[in-house]
Each structure stands twice: as structure tokens, then as C-alpha cells.
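In the two complexes below, subunit A is the common chain; its partner is subunit B in one and subunit C in the other.
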Partner chain A sequence: MAGKNTGYLLPLPWTLTLLLIWIFPLVWSLVLAFADYNLLSGELNWIGLENFRRLLSDPSFQRALWNTFLFVIGTLPFTTLFALLLALALNRPVWGKNFFKASFFIPTITSLVVVALIFTKLYSEGSWLYRFLGQFFNLPSGGFLLSDKTALPSIMIMDIWAAIGYYILLFLVALQNVPQELYEAAKVEGANSWQTFWAVTFPSIKPMLFFIVTLNTIKSFQVFTEVFVMTKGGPLGSTTTAVYFIYEEGLHRFKMGYASAAAYLLFAIIALFSYFLFKSFKSESEVLAPAQTKA
Partner chain B sequence: MRTPLLPTFLLLAALAILFLFPFFWMFYVSLSPGWTLNNFKDVLEQKMFSRAFFNSVFVTAVITLGNLFFALLAGYGLARYPTVSNRFLFISILAVLAVPTHVVIIPLFLLVRKLGWYDTYWALIVPFLVSPLGILLLRQYILSLPVELEEAARLDGAGELRIIFSIVAPLAKPALAALAIQSFWVNWNNFLFPFLFTSSENLRVLPVALAMYQSYQAIDWPHLFAASAVATIPVLAVFLVLQKQIIAGLTAGALKQ
Partner chain C sequence: MRKAVLLALLLFSACSKKETGKLTWWQFWTDPQTKPLITELVAKFENENPGIKVEVTDLTWADGHEKITVAFSAGQPPDVLELGSDWIYEYASNKLLLDLTPKAESLKKDLLFWQPATLDEKVYAVPWILGARLMFYNFDLLNKAGFADVPVKWDELDKLNKKLAKFRPEIYGFGANASERHRLYKKFLPFLWSAGGEILSEDGKTCLLNSPEGVQALKFYVELCERSLLATQANLDDAFLQGKLASVISGDWLLKKLKNAPPKFGYTTALMPSPDGQLYRRTSFAGGEFLAIPAKSKKKDLAWRFVQFLVRPDNQVYFCKNALIPTPSSVAAQADTFFLSDANYKTFIEQLQLAQSSPPHPHWVEIEQAIEEAVEQAMYKKKSAKEALDDAAAKINALLKS
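Then we have the complex of A and B:
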């Protein structure tokens, strides 16, 4: 019988997970961020803002933040743009499009560890790619991942390749939801394909674009697995990203407080980015709203 | 209308090769020298990888079943009992989905140790048993189902659990299928948390075993790629068979935003 408590009992496992896996750890790591915690002795000393002060003057943390920023700037625009272009192509009645869709999506469903391993070999000195490119360019000895100039860009290229499939699918969903009447109206008014894109397609897929850019930003700021498998943050710290830094400091050197402070700083940066993304998309969609009603 | 599609087709075909080629290459290397399945045989006989394969199957199966069970219960609860606290729980799901996971890496590691779960199956399973995205998916789907059948069953004296499992579950099959595939895919490939929560070779899942194998020794690529292929084939097979449902499941989460 539908008892009074059923409504509370059914989601209880989620309530417990929320408390145990999210709220408690989030509070705990905030506490740790203001402390010096020794895992082995269990000693916890309050040091106030010291962790944050040390972080901001720590050259390896600055380097990690800079690398993370480079990674985001070097992947996000390309992933988004290429995904949109490919989705537009796949949205046409082109022959074999289900096959193409599957092809682009296969890297996405594959374990990132496997993808990283394939590319580790591909980027190494003896590989066919290295030998092929070596005929035209002066390549770093030891392969692309052993030079501090090429390691990070190599990982970025792999990531664009690996992530794009999912965003293509999301764009396709958005494109299929564009009302057909709008296209017909645009045709009647004699709009060319460029005008149709800006007046009809773009405004309609804008919420999805916003979602994709936000999701992709959050994911890109958290890049870790690729770095762990391919370079371990090297050479010379050139691929140490923020999460890799957190992992190294917290779980390798057991500086839990220091690592938690870094995690919260990164969290704050991601939140700030998301906030500005949200604001810019909102104000822009107000400007575009009249155009949408016209079409 | 026909001619402009040929360049599009050619472009897409060229790109498809670019996307598929690394995989063909992986399989090609895993079959070397010559065309032999020996590497696969070695890998499956090697205790480290066969154990990791078993761990991956076991952990992924338990998590997927747990995700389905709890998402069905919670999704139904949130859809049909819109109390104030349930509205809060619903918002908590959206909030959790927006919080980057790296913030909880350190405290989760500490928690897992405190609970005595470090380097046990508990650590590999419990934190992932309840999937917030799964609950969201089921809640949205159940909201779209008519309540009349449930009410009729209630009048006939069926209990809530009976209603959930014999009336709601069959109706929610498409959402459950999408969730099952998504859980399988995400957890089969999960690396970071299994890597952080375990240390012994016996508890490695496939992605962890692959990543650690590499840091062991001078890399034996044919064997490593054979093991990688073993880790990839199940997802690939499931994907090729159930493509439509996978895409529905993966995009469902985004659609509701």
C-alpha cells in the first residue's frame, strides 16, 4: 500500500550516496584545504590560507594551471567547430551516413586508456607516422611525447580526435529538432544557405551549443587519464595538468591539504568559466531573439 | 540536389578512415608477427590480464544491475511523490552532475581508506552503485507515463513495489535499456577511481591493468595491443548491435538540459 513514507524511502539510496560520495567529501576537502594533514600520523594542523598562498607562488602549480589553460584553449574551439561541421554534413541526405556516424563515434566509446596507448605508439620514434612526417619536417628525437615542445600538442590532437564523436551526436540531435517550417519559410523568402544557417539553424541549436561548450569546458579542465598513461606529466613538466598536479601532490606525496586546496582552486576556476559562459550566452540569445521570430 | 553531396560524401569517407585507422592498426599489431592469434592466447592465459578481465566483467555487471534497480526505485519515487524533500533531491542530482569530479578525489580516497574499503571490491562497486544520471533519466521517462494503470493496480490491492516491478518497469523498458548500455559503457571504461582505490594486481580492472602494464617494463606492443583489443571488443560489439539505443541513451541526458 502507498504508505506515507514511500516517497522518502524510494530515493533513499540516492540520499545516502549524495551524503557519502558528494556532500561529505566536498565539506571534508574544504576543511583539508585550510589544513596541513599527514595521512600516516593522522595529524591535522590548521594553517588557514597558507596552502593557497603557497600554491599561488608554486611554479609547478602555475605551470600546471597554464598547461591546463593551454589544453582547454587548444582543444575546445576545434572540437566544437569540427563537431558542428561534421554534424551539419551528416544531417544531409548523404549516402552511408549511419556508417560515418558510427565511425566518428567509435573513439568515444573506447576506453581512454586504450586510445592513449594506441597514440603512445603512434607518436613514438619508430612509428610509421613519425617516419612519414620525418621526411618533411625536423622532428624531435625520441618521438613526439619525449619533447617538451610537442608533447602537450600531441595529447591535444588525440583528444580532439577522441572526444568529437559524442559532440557530433549531440549536435545532430539539436539539428534534427530544428522546426522544418522555419527552413521552408527561409526558402520562400529566398535566403541562401549561409543566411539560412544564421537565421534558422544557429538560433535553434544555440542551447545545445551552450550545453556542449559548458560540458566540454568542464571535461577539458579535468584532463588526467591521457597524461597519466602517455607522459606522467613530463617531459620537464610540460604536460602536468591541474588534476595531474592534484594527483601527484595528494596521492603520491600525500600532501592532502595542499592537493585539496588546489582542487578547490580549480573548481573555482571552472565555476567562474561556466558563469561567464552562461552570462555571455544568455545576453546574446536576447539579442538574437528578434531574428529568430522574424525567420 | 545530388551533385553537392558527392564532395560531402568524399570528405566524410576520408575522415571515417582517419577515425577508424588507429583501431585497424591496433588489431594489426596485436596479430603480429605474421597473422597469429598467439598474443590473444598469451594475454588471456596471463594471470594479470585474465584476472583483470574477470574483475571488469564482475564489477561492471554488479554496478549496471545496481544502477538499474536504484534508478527505477528513485526515479519512480521522484516522479510520483513530488514532496518538498524529493524536489530537493532532484535538484541535488542536477547539482552533482554539474560539479567536476576531481574536487572529491582526495576526500573520497581518504573515505574509502577509513571505511576499510581500500583495495577491496567494495571500493570498486559501492561508490558507483547509484547513478544520478540514471535516476534523472528514469524520472523523466516515468513522468511521461500515464498514471491510470498504476492507480488501477493500486485499487486492486497491489503494493508499491509490485506496481514498480510489474507495471512501471515493463513500460519504462526503453529508458532502462538506454541506462543499462550507458552504465556498461561508462563503468567498463572507468579508469581514474578504480586506479586510485586499489593497489594490488588482483583487483585491477582492465583499464587499470593496461595502464599499469605499460609502466612495468619495456613495452611489448603486440601483447599490450592484444589486451587493449580484448578490452575494446565487448564495447564495440555492444555498440554495433545496439547503436540506436546507445545514441538515445547518451543524448537523453543532454536533451533535458
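Then we have the complex of A and C:
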């Protein structure tokens, strides 16, 4: 048994898993992106770039991309900023710190489906939130998720709430790794707290900030579960996001080629965004490099 | 090394070895009240057919469609499959379901509602447990609005809705689905049919959605919705149970909830209203659970034996009685005193006779979406009823030609 080839056998399970579950679908869907493939009948016709051409002129795909873009713009800055502010607050000796840490983190470990179901109730007409806000504003009838103006923002707000705990935790890790002697040095130099933040804290947590922004961007571009549970893309397509569009095309209309092409377009967009994020962070961090040697 | 390969081969061959007498069944009855009944039925079948084992897999309505689709495309479907009535065409038109026409001949007279299972005059599934949508009314609220009896005509329903509108947001006259995919159309179609409208022409080649009847129906539905509680089906059912809704369109699941926990108010079920109140026009939507045998099943005869067993009147009576479902597909089962002794159950059976299901068409999923988009656009005042239906008809006509 213990021949000289046994060594190759050991990584085999993982290699096979990787090939079958990751690489093969990736390649196969790229192949499908250039074909007209019906999942049920198994018919496959090569149509070249036709899928991509049709996608770019498909108003519902444009709408889905626009909605996704709105979602990213509407959640990413707020999630990051609130997470940073709360992490800064929690990094000080505050009363009940652990309680708050746990409270903020609970939404993160709760299943997103459960969160979405709870918020669906909360956003519906007749909930306490609806009644409370209804005293001050003219609210859409049917609750927040049944109006094409408020449905997407409502999902965004929920998403910020649900995602923030994880990023607070990451920021806290970064904050606790800032070298104490830098703070002491700043104190000796007579820096006020604002100056200390910009000269010491911020540069030190910048790699983490970069990580969080990149991760969050990718995650936001792929928003799906919330839409699936709460609105199914409605009303009037106002919450149809890119991934939900892919899901509808692929698993409801069985147009696997079309869905694959959309998936690869989304991949290209995310890659492009990540590339620019990378570039912008890198060029700045070179200037500030000395401050973050230890981080 | 060689030993390991041998071992792997052995394992594989053990997996693929045919086990005679084992049948796989995918089904949707998962709630704790009904699942035990499924288990009992399966045990009974196994007793009647020694040596046969039925392996049950539970699906949910939320993701069952995807799982079935994936199983088909992977060429690994079960032997017997429970399907929602409006899913049959897409699988049948892709030649994935066994043509049951000769086999079903013997069942034709005993069971109702073959239409959704029939495509090009061939039968692809067997009706099992049916379901009709009908009106649920809260008597206390009807009285509050000055109604002695349930509305029969459209304008009576509208009047009820208007009268109760002043009690908003505590009480609503009518509850309407808004923007709920795969549900919204089931709520609009009864109005379309009651007005005398149709989705497709009889030969299935033209869309008739934008006929004057269709426009009349959508106009009325939109008007009705303006003063109604808009919510998802689950929230509407809840609102009715809490006594906040005078009327709502729902199915047997709501009746079951009402029976399990009787509310403080008086309730009743009634046929859908129609524009002029004439009985034959009081059409509603019928759906149901059908049993199909995938064309790739290796045990077609055994599977058919199991399907016959499930639709047998005595088994249907047993299942429906205990699951509190008033609409078995079997004529004999429907005549059981249990269903006839209850006025609400009788309404369901009566409505079923006046109900239609979506027309069988391989592109139904897309047609459905076009209808829902039109209803939404009219409800949200993006287009007039006429414009919305014209656009939908154009879209559907293009689909019919493709």
C-alpha cells in the first residue's frame, strides 16, 4: 500500500472536489455563455456572442444592473462608515461593552433568511414600525416592500443592519493591533484626538479598510437572498438585482446560456471594480507606508 | 495503489447496483400535520405489495421546482413525482414525462380535472389532490358594513370594500396580493374569466388578454385594490384570521387554519363574485397536485401501480379527511359524507366545478410573467388597464409564434 505513489493519493479527495465543484462549473458555464442551451431538453446550439449582445440591449438586464449598482452605492459607504464608527466607540472603555459587541454581532450569525422574514413582517402594513412612521409621513399603502419607490431602499437598510456586525468585528481586530507606542508618541507630540485618528489610527487600519471595502463590494454586487425572500424582484422589477435576474433566467426559464452570459458579465464588472479598488488603495498606501509597518 | 482503486470501483458498483422493488417518490406534504399521513399511506402500499419499498423525499414549494429541474437535467429523476398543476406543461413539452394516455384511460371517469395534465391530447400526469381559490368572508364585518349576505356581484364586493374603507387601517374590505410572483396571476384570472375573458384563443395561437372583457376585469381589479389591504398571501391570511379583513381570496389552507383555531368572528366561504352575479360566470382558479412518472424512470410499471394506489378513492378520502382538504380529485371521494356534511367543504367542491386552470402551454412561465407585469403596471398606475394588456398581449403573441 505505502508505495511511492501513495503521496499523490492523499490530496486526491480535495483535488477532485475542487475540480468537480469549482473548476468544472466555472468552465462549463463559460462555454454555455456562448450557446443557446435549454436545461430541460438538453438542446445546445452555438450562437457565439449573441447572448452578450442580447443582454446588453435587454431592458430587464439593464434594470437589474442599475438596481445592483444602486444597492452597492446605497449600502457600501454606510456599512463601512457605521461599522468604523461603532468599532471606534467600542474600542474605548465603555460601560456594557461586551453586551453591545454581542448585540451588534447577533444579526451576522443569524441566517439571512430569518432576518429577511422578520423584516418582511416589520415592513408590512400594520407593523409597529409602519404605524409609528405613519404618524409623521405619508407612507405607501401595503407597506414598504410593496411600493416600487421604497422596496429597494428598505432592503438596503436591512442589509446595512445585518452586515454591520461582521465589519465591526474586523475593525476592532485592526484597532486592537494599532501599536500603543504610536499613540503615546502622538500624545507626546501634543496631537488632538482628530489628528491622532488621521495620523495614527487611520493609516494603521487602512489595510483592513481595504479588505472590508473589497469584500463588501463583492458581496453587495451579489445580493440575492434578501430579494428572493422578501420581494422576488418586484414590485415592477424595482428590486430585481443582477444575481436574481440570473436565477430567474436560469432556473425559471431554463435559459442556461443566457444566464451564464449574464453571470460572466457580472463577474467582469466585479473584477473591474475590485481592480480599481486595488489600484486606488495601493497608490495611497505607498505614500503612507512608514506609518503602517507593523499593521 | 491498486488496492485503493479496486476498493473505489467496488464502492461505485455497489452504489449503482439495481435494487429491485425500490421506488423513489418526491412529494410536497411536509407540514407536521400531513407528513404522518404520507408515511401511513406509503406503509399501506408496502403492505399491499410485499417486497416493495417506497423511498420518500420531501420537497418544498419554495425550491421544489428548481430541485426537480436539476434532477431532470441531470437525468436522475425519481420514479414518481408530485407536480403543481402549472408545472406539467414545461416538463411534458420537453419530453421528460411519461406519456400516460393509454394507462390513464381506466382512471379518466373516476378522476376530475385532467385539463392541466393534457398537452396535445396526451395525458402526462394524474390529478390527485385539487384546490380551488374562493372567497372567505368575515360575517361580523359584513354586518358592520350593512350587508346581510355575501356579495354575489362585483359591484357588491366593491361596495363592501368602500364601506369599510373608512375604518382603515384597522379594518379593510378586501385583501389583495400585490406584486407576488407566481401568485398574483392566480388572483387576477378569476376576475378575467368571470368577465368572460380568456388568456388564449381556443387553438392557443392568439392572446385574447386585451379583449374588452379583459380590460373590464383589470379595471375593476385595480379599482378594488385601491381601497384594499395590499400584502403577501401569508399576511393576508393572517389579517383575515385576526378579523381585520372582511373578504379575501384564499385556498383550503386558510379553511384548515380556521378549523384548527376557530376565530371569535363568524366566517364563511363563498363562490367568486361575477359582474352580473350569474352562477355559471362565478369562475375561479383551480390548481392542484398531480402525479407524474418521469420518462427516465426505470420502474415505470411499479410507479404506475403506486400512482393508482394514491388516487384510489379510499386512500384519497383517508388523506383529505385527515389533512382537512376538501377537494380530492376522485369523484367517489368527493361524494363522501365527510365533505358533504360541511357547508364550507361543499363550497370548495362547487367552486371546483366552476374553476379553470392556466391554459397548457410550453411557454406558460413566460406568459404568466407577462400577465403579472400587466396587472402590476396597472395597479401601480404606470399604464392604463388597456395599455398594460395591449403590451402584454403583444409580448405573449410574440412568444406564441416563437
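Annotations
Everything below uses one rule, namely that the second predicted complex is superposed on the first by the 279 of 295 C-alpha atoms of A that agree within 3 Å, B and C clash if a C-alpha of one lies under 4 Å from a C-alpha of the other, contacts with A are read in each partner's own complex, and residues count from 1 in each chain.
Basically, a contact is a pair of C-beta atoms (placed from the backbone, for glycine too) under 8 Å apart; a residue touches a chain by one contact, two chains touch by 3 or more.
Predicted, not measured: the structure shown is a model, and the values here were computed from it.
Once both complexes are superposed on subunit A, the partners subunit B and subunit C clash.
By the touch criterion defined above, A:143 lies against subunit C but remains apart from subunit B after alignment on the C-alpha atoms of chain A. Counted by residues of subunit A touched, the larger count belongs to B, out of subunit B and subunit C. In the superposition on chain A, A:157 makes contact with neither subunit B nor subunit C. Once chain A of one complex is fitted onto chain A of the other, the partner contacts of A:9 extend to both subunit B and subunit C. With both structures placed on the common chain, the touch criterion links A:185 to neither subunit B nor subunit C. Of the two partner chains placed around the shared chain by superposition, subunit B is the only one that A:22 touches, whereas subunit C remains out of contact. In the superposed model, A:42 lies in contact with subunit C only, and not with subunit B. Once the two complexes are laid over each other on the shared chain, residue contacts for A:277 go to neither subunit B nor subunit C. Residue contacts after overlaying the shared chain place A:251 against subunit B and subunit C alike.
In the three-chain model built by superposing on chain A, subunit B overlaps with subunit C at stretch 25-33, while the rest of 7-15, 25-33, 187-195 or 385-393 show no clash. The interface of subunit A with subunit B overlaps its interface with subunit C at residues 1, 3, 6, 9, 39, 120-121, 232, 251.
Subunit A makes touch with subunit B in their complex at residues 1-3, 6-11, 13-18, 20-22, 24-26, 28-29, 32, 39, 86, 89-90, 92-100, 102-107, 109-115, 117-122, 161, 165-166, 169-170, 173, 207-208, 211, 215, 218, 221-222, 224-225, 228-229, 232, 242-243, 246-247, 250-251, 256, 259-260, 263-264, 266-267, 270, 274. Across the complex, subunit A is touched by residues 5, 8-9, 11-13, 15-16, 18-20, 22-23, 25-26, 29, 70, 73-74, 76-78, 80-81, 83, 85-86, 89, 92-93, 96, 98-111, 127, 129-130, 132, 135, 154, 159-160, 185, 188-189, 191-192, 195-196, 206-208, 210-211, 214-215, 219, 221, 224-225, 228, 231-232, 235-236, 239-240, 243, 246-247, 250-251, 254-255, 257 of subunit B. Put simply, subunit A touches subunit C in their complex at residues 1, 3, 5-6, 9, 38-42, 120-121, 124-126, 131, 134, 141-143, 146, 148, 231-236, 251-254. Across the interface of their complex, subunit A is touched by residues 1, 3-4, 65-66, 69, 72-73, 90-91, 94-96, 169, 178-182, 229-232, 235, 239, 244, 365-366, 373, 376-377, 380, 382 of subunit C.
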